[in-house]
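Heads up, the next two complexes both have subunit A, just with different partners, subunit B and then subunit C.
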Partner chain A sequence: MESIVFGIGITALAGALATVAGAAENTESDIGSQGDPNSQVQLAPQMGYLHRIFNKAIAGEPPAWGLWIALGAGIAWAFMAMQVNPILAIVLGAALATFVQGVYATTAYLGRTASLAKFGQPVFVDVLKSMTTVTMAHAFVAIFATVTVCHLMNAALGHPFPLPLLGLVWGIALGAAGSATGNPFYGKERQYQNQKYGAGVPIAASGNIVRYAEAGERNSLDNGWFSARLGGPASGVCFGLIVFLELWRTVLFEHIAAGWGAIIIGIIIILVFMVIDRYIEVWARKNYGPYGKPAEEASS
Partner chain B sequence: MSAIGAKPAAGSAMDMTATIIGIIILLVIIAATYFLVGPGMAFMALIGVIAGGILIGFGVHFVPVGGAPAAMGQAPGIATGVAMLAAGAGLAGLFGGAWAAELGIVVATVTGAVGGGLMMAITCMFVNFIYVFGMGIPSASGKVARDPITGDTQAEFKSQGTEGHGLPFVSYVGGVIGGLFGGAGGTLIYLMLLEVYTEELPGMMNALPGQILPIAVTLAGIFAIGMFLVNAVLAAYNITGTIEGPHDPKFKRFPRAIVASAIASAVCGMVAIMIVAL
Partner chain C sequence: MTVKVEKIEGGIPHNTIMVAGLIASVVLVYLTYANVLTGTQYFAFFGGLATVAALVWGSHTIKHLCSYGIGTGVPSAGMMAFGSGVIAMLFATKYGIAAPIVAVILAAVVGAILGYVANNVLNMKIPVMIVSLVEMAVIGALVLMGYAAMMSGSFELSALTTGSVSILGLSLPSYQASFLGGALIATAFMLGGIAIQHPFNACLGPSWTQDRMLYLAAECGFLSMIAAAIMSMPLISMGAALVSLFVAVIGWYYTYAKYIELSKRDAFSWLDSKPIPEVEGQ
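Presenting the complex of A and B:
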């Protein structure tokens, strides 16, 4: 009984840390235009819209995060093998992985922006100085929280994978969840704030991203502020739920019916989310209504 | 032939010459493995690895991926890359499957499948949450007039100048099915390799099975992740960019991916097995 209570406590802590990690990951990603919206940041100068938006996307969000988390976890694991206190080891691992992220961000911004020289897009050194450190700060939070989650899975819950491997697995999952949830909010809702609310961006408007703020030119810190309102927290809750529910069903129900208990609970959770999704879809159709007449009526 | 002179890519058609060559390579690898290691566990592991790879390659086709256009609400699907999303879901499944490895191959594989499906169920729900409550955009498919599962009409919910947006219910279900297949495939590969390594490594390294277990788990885990990415990327090439799910015409291309995944998994599997079995 005690071990189950302990497991539930660890599960809750891991879920909370994963929520923080997801929120920080998405905000970092949006400040650096790491996700799919980077295509518009890159396209804008080619369409004649020069800007001061930071763009460090030279890898997809999931593999980039897989690298950083695995790196942080690997270094922390090495320190722990040298009998360093786990918390200090994770802090050191996260800090060193953050420096790698900083190098990555610097070279990526310089490389991507320099490639736009023929379209007249300058490399802004002040953008590099001010944005890189902010993305590094967010990256540290996300790496520290995720490596801690992995350490809890390994050391407290007894998962057989070593810490660096867990870091790779959950780093890729973190990037996948964060980019899936957060990208549309940054890509459509922020970059194309000049387009109509409640509709997709017409393909003809591609590249015409918003470049001016209330005062002066918009920069990526403004974008981070905007994303932190919904995209970041939603990504955090998404990743937090993935980690929490995966651990919860295993810790509580794996011992029932030789493992089938966790499977049945997992299927029930999937069905519950399916019902919630369908409710959201129907709610939107009823409350927002169609953009035009149904195809059958229009043709008749 | 130059690229300019090449014929346009055939939609879902199988290139018979390439398919036959591929199947011959596959059979040669299977035969070579049989010849080198015999009909024992290592050979069965290769068959399991190929089956796992096929599950992954097939499953990726279900995952609704919209890429960059989805991030602007210009196309339906999840706003990230095909291989990346499938890897995220499949590896989350592998995590659960590896945890349940001691409960037997069936329970562990199904646990891995449910883990992948769970990751996709939550992620896809949040995609629609952001679209609906963050951006005020309802879901609409650009490929079908009606959702094949719910029967909802789609065209009138498509905003002007776009190919659709969000995740219609059929895409959501496709995402979950893709996660199930990916999780099961990744876990199956892991279990097969783990069995070979736990059997062969103690003799090879003159150590006790208990001492060898962490190395076996790590090796099997790394190979499983690597093979997952190989199969996911192959399927992504087959999809070429974006896909809405099982109702998308591109879904019919999956036989090509199955052949390609079988060959790639056979090559990778042979290498993974030979490092200890020879």
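Presenting the complex of A and C:
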């Protein structure tokens, strides 16, 4: 009983850390225009829309985050193997992984922009300096939180995988959660605020992303500000729930039917979420669905 | 059916890069055998240099393959290389001193099978697919072997599965504290997998230039080597790990500076705190 209570405590802590990680991850990738919104940022100069948006194309989010977290976990593992205190080891691992992330971000922006020379897109050094540091800060938070989650699983819950392997698995999960949940807030909404709401992206509007702000020219920090409000927390809730429910079912039901209990509960959770998702989808389509004929003018 | 949309103009031909990359990486992996001959671990850094050579070759292979219009497949090509290479690499470590050669041959076989499946079963019909996947698998195997040799001092299975833990001053052999037992191979996999696809992924576009991409490939290789050098600290002697770290930092700094210089050369303009330039017709 005591071990289950302890396990639930660790589960709650890991879920909370994962929520922070998800929120930071999504804000980081939106400031860098990583993931699917990247295609429009890349396309815009080719359509004649020069911009000051950061273009940090380092693979997709899941592989890139697989590397950052696996690297943070690998270095933390190495320091722990040298008898360094785990918290210090995780901080060092996250710091070094953040350094690698920052170097990748600068080379990606320089490479992509230099290859667009034909269309007259300049390299903005101030964009490089100010955005890279902000993405690095968010990346540090996300890496530190996720590596800590992995360490809690390994050390407190006795997960059989070594830390770097857990880092790889959860890093890919983190990238996938941020990519799937948070990106629409940036890629489908923020980049196209000048289009009719809910109109999708017509071919003619491809690359015509919003480039001017309330005052002056929009940069990626404005996009980070926007997506930190809804996209970030949504990604955080997504990744937090993934980690929490995964650990919760394992801690509580692992001992039923020689481990099959946890698997059955996992399948039930998936079914419950399918029902919820379907309900939300139908509800949203009914309320915000495709544009029909305007029913009637409210006034006049 | 795909049509070749971009072609490589000028620069070093792909075959030259391939032959140079293959020879350099195999020779450099073998140079780590000097550890066994001399009884030290100071030659482990040659493993890291082998990965840099293989990654430079690999980035150009991806460019070669992706010039057939595979735009979104660039990052997955890196994963593919390492996924097929890791099988050959792990199997080959059983063969002692012959391991690098066995890894190359086995990886080529795995790559050829995958290429056949991709082209003839999945009907991708890309002319360079089989050759490229053979190259990618060989590169994946050599890079992983390079990291293994760099982090554990040797490319033999016994060295990859035994580390040592010191408890109260006593050094005890441990599977948990080894390259495979600690799953450092998972980190090595991602270090190589991102480093191999990043150069082309970052430099693609109409104004692509070969030298800029190859410098970026070397930069990514040295950057991964810095991380690998730090992770090698508990597995090999601290002196040897510091030698690796020193070599990696020097190489990284040189290639990074060179890459920025080449980006400056290729960029349309290099502006600091300037507004978006006016374009005619808007």
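We adopt the following convention: the second predicted complex is superposed on the first by the 288 of 300 C-alpha atoms of A that agree within 3 Å, B and C clash if a C-alpha of one lies under 4 Å from a C-alpha of the other, contacts with A are read in each partner's own complex, and residues count from 1 in each chain.
One rule holds in what follows: contacts are C-beta pairs under 8 Å (C-beta built on N, C-alpha and C of every residue); 3 or more make two chains touch, one makes a residue touch a chain.
Just so we're clear, the structure is a prediction, and the values are computed from it rather than from any experiment.
> Given the touch rule stated above, what does A:Y104 touch, subunit B (first), subunit C (second), both, or neither?
A:Y104: touches subunit C, not subunit B.
> Which chain makes contact with more of the residues of subunit A, subunit B or else subunit C?
B
> A:I268 in the overlay: touching subunit B, subunit C, both, or neither? Say first, second, both or neither.
Touch partners of A:I268: none, neither subunit B nor subunit C.
> I'd like to know which partner A:P162 touches here: subunit B for first, subunit C for second, both or neither.
Touch status of A:P162: both partners.
> For A:G120, select first, second, both or neither according to whether it touches subunit B, subunit C, the two together, or no partner.
second
> When the two structures are overlaid on chain A, which partner does A:G60 contact: first (subunit B), second (subunit C), both, or neither?
A:G60: touches subunit B and subunit C.
> Have a look at where A:L241 lands relative to subunit B and subunit C in the superposition and call it first, second, both or neither.
Only subunit B; A:L241 stays clear of subunit C.
> Taking the superposition as given, does A:A12 touch the first partner, subunit B, the second, subunit C, both, or neither?
neither
> Contact-wise, after the overlay, does A:L88 reach subunit B, subunit C, both or neither (first, second, both, neither)?
neither
> Which residues would you name on subunit A as touching subunit B in one complex and subunit C in the other?
60, 63, 161-162, 165, 168
> Where on subunit C does subunit A make contact in their complex?
74-75, 78-79, 163, 165-166, 176-177, 181-184, 186-187, 189-191, 193-194, 197-199, 201-208, 212-213, 216, 219-220, 223, 226-227, 230-234, 256, 259-260, 262-264, 266-277, 279, 281-282
> For the complex, give me every residue of subunit A touching subunit C.
On the subunit A side, the touching residues are 42, 48, 50-52, 57-60, 63-64, 66-67, 70-71, 73-75, 77-78, 81-83, 96-97, 100, 103-104, 107-108, 110-126, 161-165, 167-168, 171, 211, 216-217.
> Within the complex, which stretch of subunit B touches subunit A?
Where subunit B meets subunit A, its residues are 67-74, 78-81, 84-85, 87-89, 91-92, 94-96, 98-101, 103-104, 107-108, 110-111, 114-115, 117-119, 121-139, 145, 150, 152-153, 155-169, 172-173, 176, 213-214, 217-218, 221-222, 225.
> Which residues of subunit A touch subunit B in the complex?
So the residues of subunit A in touch with subunit B come to 35-37, 39-40, 60-63, 159-162, 165-166, 168-170, 172-173, 175-177, 179-189, 191-192, 197-206, 230-231, 234-235, 237-238, 241-242, 245-246, 249-250, 254, 258-260, 262-263, 266-267, 269-270, 273-274, 276-278, 280-281, 283-285, 288, 290-296, 298.
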